[in-house]
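What follows is a pair of complexes built around subunit A, which joins subunit B in one and subunit C in the other.
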Partner chain A sequence: MRTTLRNPYVYLLFVVPTIALYFLFFIYPMLTSVFYGFTNWNGLDTKDFIGFDNFVNAFKDEDFRNSIWNNLYILLFSCCVQVPLIIVFSLLISSVKRFQGFYKTTVFMPSILSTSVIGILWGYIYDPDVGLINNILKTFGLDPIYFLADTKWALLSILITNAWQWMGFYIVLILAAILGIPKDIDEAAMIDGATGVQRAWYLTVPLIKPIINVVIMLSIAGALRVVDIVLVMTEGGPAGATDVMASYMVNKAIKYGDYGYGTALSIIIFIFALVLTALYQTLVVRRQEKVEY
Partner chain B sequence: MQKKLVSVLALSVAMSAFLAACGSNENNNTASPSPSESASPSPSPSESAPASESTAPEKVENFTVSLRHIQIGDAQKFRKAILDDVVTKTEADVPGLKIELDGVEDSVNRFTKLPAEMAAGNPPKIFDVFGGSGDTQKYAGAGRMLDLTPILDELGLKDKFLSGVLEPFSVDGKVYGLPIGGNTEGIFYNTELFAKYNLNPPTTWDDLIKAADTLKQNGITPFAVGSKGAWVPNMLVNTFIGRIAGEGTNAGFITGASQWNSPDVVAAYQLFADWEKAGYFTKGELGKEYGDMLNDFVAGKAGMMFDGSWRSSAFKNDAVGAEIAGKVAFVNLPAVPNGKGDQSSVNANYGEGYGFSSDLNDNELKAVKAFIKNMYSEEMQLRGLLEDGVLPSMKLTDVSQVTDPIVKQVLDVLNGATASFPHFDSVVQSKVYTETETQLQKLIAGKATAQEVGTAIQKVQDAENAAAAK
Partner chain C sequence: MAIPLRRTIPHLFMIAYVIIILVPFIFILFSSFKANNTEIATHPFGLPKSWEFGNYKEAWVKAKINVYFFNSFYLAFTAAATGVLFSAATAFAITRMKFKRTSGWIYQFVLIGMLIPGNVLFIAQYLLVQKLGILDTHWSLFLPYTAGALPFSVLLVSAFMKSIPHELEEAAVVDGMNVFRMFFQIILPLTVPALVTVFIVNFLGNWNEYLLSFFFISKDALRTLPSGMVQFRDAFQTNYALVCTGIVFSVVPVLVMYAFLQRKIIEGLTAGSVKG
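Moving on to the complex of A and B:
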């Protein structure tokens, strides 16, 4: 047996099934979709090769451009609003002495729920007739707000729901990093007379920077691939106000059977995500030195 | 050494064979050994049926046929009952047959599920399908649907259908689908609310506008509508186009005889935008589903709704709209001032029916024939009309038994019409129809003007017409 395992081909043999599956379910579909992206295939008839037409049309397509902007809004919202909030909440939870486990579990809870459940749940919260928020507004004599039916409110409503779902997950990540910082650093600063805010800002935050970077990376990736919550709550409506790249692609390809165009859109989304993450990696993450305690 | 290598090899081969075996369990237990089965190993539900050893003495082969229908939910229960009876009858007619019903919501089936199955080549054996170039004619052109012409001849059904109703289901003179019934789209109004505010029935334009304004002033939505799915408001737009631009307009879009950005069609969109601006429709309509529209109407939150005549069965005593049963009436959209079309024309659609997969073995073909024979009979057509308010697609000898007041009104509307026009969704290409939905929602949201809507749709229409001409 010992000599058998020295034979390198044996190892190759072990990975063959995996590679075959990987090829069948990842490499092959990817290659074919690149091909479909250059055709006008509608899922039924012949596929005609039409060169870069799909890609040119995509950038001429006002609705698709609008959905790119929506993705960028989501990205900005997660990096500029969500991440600071996550850090603040983590710092708060890390310094409570009692029931810390309870807070941790509570904030984490939404991220173990399915997106469909959350979408429907918040759909009721936002409901103009029976919803929680509008009932509160009604008691103050205000007009109901059509959160998911009004083009001005719909995207923000979805962003809040999405933030509610995922913040807990990131909070737990950051909390773990904060609790991993040796206590003596904090105690030394306290003896030197630093206030709580000073200690948080000048000690804790710099020490957890690597994990904050991970959170930002995940947020960027998450913002670019967000689609499930949109499909559950508004299907991209009203009038495309909440369409993101992926939901627009799903509607075009699956709902309206424009597979060629849909595949081209998916390739654009892929390149978009790749470029943005690569940019963040090279510009921000690489420049930082490693934190050592 | 070698031995061990060989045994490891053998083990991994065995493992992968085992894993591979998990993936393919079809073709082992199909009911009948037809050549088409082995040629296309598509995993359709019918093929994974248990091949239970037949217990019947003359060795009847048990087999299943999948049937996709859209009769789900309370509002469809009458139609579902008819379907169930047809299924029971068909199963009795064909020994060994078991029909597996698969109920899917209408628009999910039409726009998501069926297209995907058609693309993959594994549609159900019997399925609900719409006529027109976006549906039946597209699938038939791709060879996915069974040519029914010989079956119709065999069963002697061809002349039993009303004239022209098979058109949307035909390609080059061959019939690929059969319309189950027809409908017209018009105004349902709450007679109690109209009486309360001393309003005349909306049979003239002035009465209609007066009713809408009065209801609005009293805090009641004039027209209930659920525009999350844009096909719902598209019904009204379609009739506006027929009335303002003429009843031939809808059919002319694909030939180039009429244009979406022509002044008349834009005027129809403008009228819709004006109503929108006047607040005639449900607030927050873009977030409301089709079902919400009926709920609002039944709850008395709205005085009218523009809907298809198929909704009439919802206002029976034992149906979802029982609360206002007997207090609902149906009228055609009144004559539009300065409209170019025949102002007593109605929208009449025979767009929905059943189609059949072209991939059938002998047994399944027998089942399909029996299904057609049982479903498209005078008895079932009459039941559809009496129980469900669906207008027959076949010639009926006697309709005097109709007692439902709303169905009577629907029939009156149709009988009083001098001309009819189809809904454009059964005429134009699917990409164009998609664009009408997108643009209409923009119009509702105030993001586009009527002229912009017309121009945008015409752009897609031009491209599709050019592609079709190739």
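Moving on to the complex of A and C:
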């Protein structure tokens, strides 16, 4: 009777387009990545197998090491500056009744825009001649700062732009968790005389730890993935001050045709992401006791 | 006295945040109507002296924003639609058809894709499209965009389809309905909420995508907005008003969409990240 749903040809027809595309653009590139990573291919000559040379060279490569430090700086910035701010702002939004929806939609808005357009937009905000910030500095009689051309400022400027774009996204994630906590817990604490700050710190934050962990993991992954904004705003300059692993990889591969080396770098990025999230999982997430309510 | 004050403190912080979010947009919007760089530099915050709509016309036609806009739109739309169709078909096959074991494997296999961060595969995908001979054509974006969305889409649509009661198809089978009609006339209409979410998420992702569109396409006439805008900025670097106009053109459609579909968009984008 149920042959209709057992027809293997129909099944194949429904499944094959997805699998074919998926295989072609995920699995196949993954396999070739591993292969190219061990060769010295530069797009022209033969592909010679050179073992781990690419990986060894990568860590000897001062520019790449510099880009790893920049990635770590981004990672620390997002975990130690952004995440606490995100938590504070989501607590603030959850504590108000009026305009809650408005705040939520507004802070979320930048995260739906194209990173490249945001990079261009903020390039103007930072512009030394006409930019918004330097105009403000000018009214105070200060000298303009070359935000994106000064090695001292460039990376921080990019990070601020990045935070401006993505913080709202995480705020909304955490806000949803906060609003999902049953109201009676909070009310009970209020009757017992706990102040707003106490309730936020001793009740809400422990209850939303799981989602905070998610946000931290996403921030770790995000910090290693930063690339568009760097390419658009500074192309890694000035003097490599904003180069991150991914932008360095893209430039090596596309500009110089160093496919073998570039692919090895992409494998390193992947391993970094894997190791860091696994470390966070085992060191932090596993140790926390589970909260239930 | 103390209580109203305490209540306004969160609002003060949030208003400061909202201002930080909105000011760049207002700055760009005003700048786009200003006559020249001097006006932007001397009156950065003020309204333009005269509203220069000419900038918009110039950017749209001369600077080829219209070309980028159209390319972006049709690529984002077709890739998102194809992705929705493929993932719906696959989700239907693996959740409703009677091949349990194979379906389990396929599901796991597709989900591996969610573990791979996007730009790790960048070079290998570049070499792949080069080998396929589609570098510098829209296929080189359409195919990766469609494929890239599949893992998340299959996950989301499958989860939704699983919750549809099985009695529905049983009744349909008894009535002698064939699989295709069952898929298109019964299951798909019931899955619309999930499909809309998936479509929006994919559409936005494709509309905003920069890395592939910048490096896989070198013909100016084929560029999409994000990469075209960068090109445009580099070409018109000295004409701030015109570049600001370009920014307005690429931001407004997304904001309009957001105004109407904000709940769906927020829900879809956050679901994508948490499940991934």
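Heads up, the rule we're going with is that the second predicted complex is superposed on the first by the 273 of 293 C-alpha atoms of A that agree within 3 Å, B and C clash if a C-alpha of one lies under 4 Å from a C-alpha of the other, contacts with A are read in each partner's own complex, and residues count from 1 in each chain.
Note that in this section a contact is a pair of C-beta atoms (placed from the backbone, for glycine too) under 8 Å apart; a residue touches a chain by one contact, two chains touch by 3 or more.
No experiment lies behind these values; they were computed from the predicted model shown.
Asker: Using the superposition on chain A described above, determine whether A:W164 touches subunit B (first), subunit C (second), both, or neither.
Answerer: Second partner only.
Asker: Please determine whether it is subunit B or subunit C that touches the greater number of subunit A residues.
Answerer: Answer, by number of touched residues of subunit A: C.
Asker: Per the contact definition in the header, classify A:T115: touching subunit B only (first), subunit C only (second), both, or neither.
Answerer: In the superposed model, A:T115 contacts subunit C only, not subunit B.
Asker: For A:A239, select first, second, both or neither according to whether it touches subunit B, subunit C, the two together, or no partner.
Answerer: It touches subunit B, and subunit C stays clear.
Asker: Figure out whether A:V10 sits in contact with subunit B (first) or subunit C (second), or with both, or with neither.
Answerer: In the superposition, A:V10 touches subunit B and subunit C alike.
Asker: For A:G257, using the defined touch cut-off, is the partner it touches subunit B, subunit C, both, or neither? Pick first, second, both or neither.
Answerer: Once the two structures are laid over each other on A, A:G257 reaches subunit B alone.
Asker: Overlap of the subunit B and subunit C footprints on subunit A, residue-wise?
Answerer: Residues 1, 4, 7, 10, 13-14, 17, 254, 259 of subunit A touch both subunit B and subunit C.
Asker: For subunit B, which residues count as touching subunit A in their complex?
Answerer: For this pair, the touching residues of subunit B are 1, 4-5, 8-9, 12, 15-16, 19, 111-112, 115-116, 118-119, 138-139, 141-142, 144, 228, 283-288, 430-431, 434, 438, 441-442, 444-445, 447.
Asker: Quick one: which bits of subunit A touch subunit B in the complex? Just the residue numbers, please.
Answerer: By the definition above, subunit A touches subunit B via 1, 3-4, 7, 10, 13-14, 16-17, 43-45, 63, 128, 144, 146, 148-151, 234-235, 237-241, 254-259.
Asker: Going by the contact rule set out above, which residues of subunit C touch subunit A in the complex?
Answerer: Touch list, subunit C to subunit A: 6-7, 10-11, 13-14, 17-18, 20-24, 27-28, 31, 37, 40-41, 44-45, 86-87, 89-90, 92-94, 96-99, 102, 106, 109-110, 112-113, 116-128, 143-144, 146-148, 150-151, 154, 169-170, 173-174, 177-180, 182-183, 204, 207-211, 214-215, 225-227, 229-230, 233, 240, 243-244, 246-247, 250-251, 254-255, 258, 262, 265-266, 269-270, 273-274.
Asker: Mind listing the subunit A positions that touch subunit C in their complex?
Answerer: By the definition above, subunit A touches subunit C via 1-2, 4-8, 10-11, 13-15, 17-19, 21-22, 24-26, 28-30, 32-33, 36, 89, 92-93, 95-96, 98-99, 102-117, 119-125, 127, 129-130, 132, 135, 164, 168-169, 172-173, 176, 196, 214, 218, 221, 224-225, 227-228, 231-232, 246, 249-250, 253-254, 259, 262-263, 266-267, 269-270, 273.
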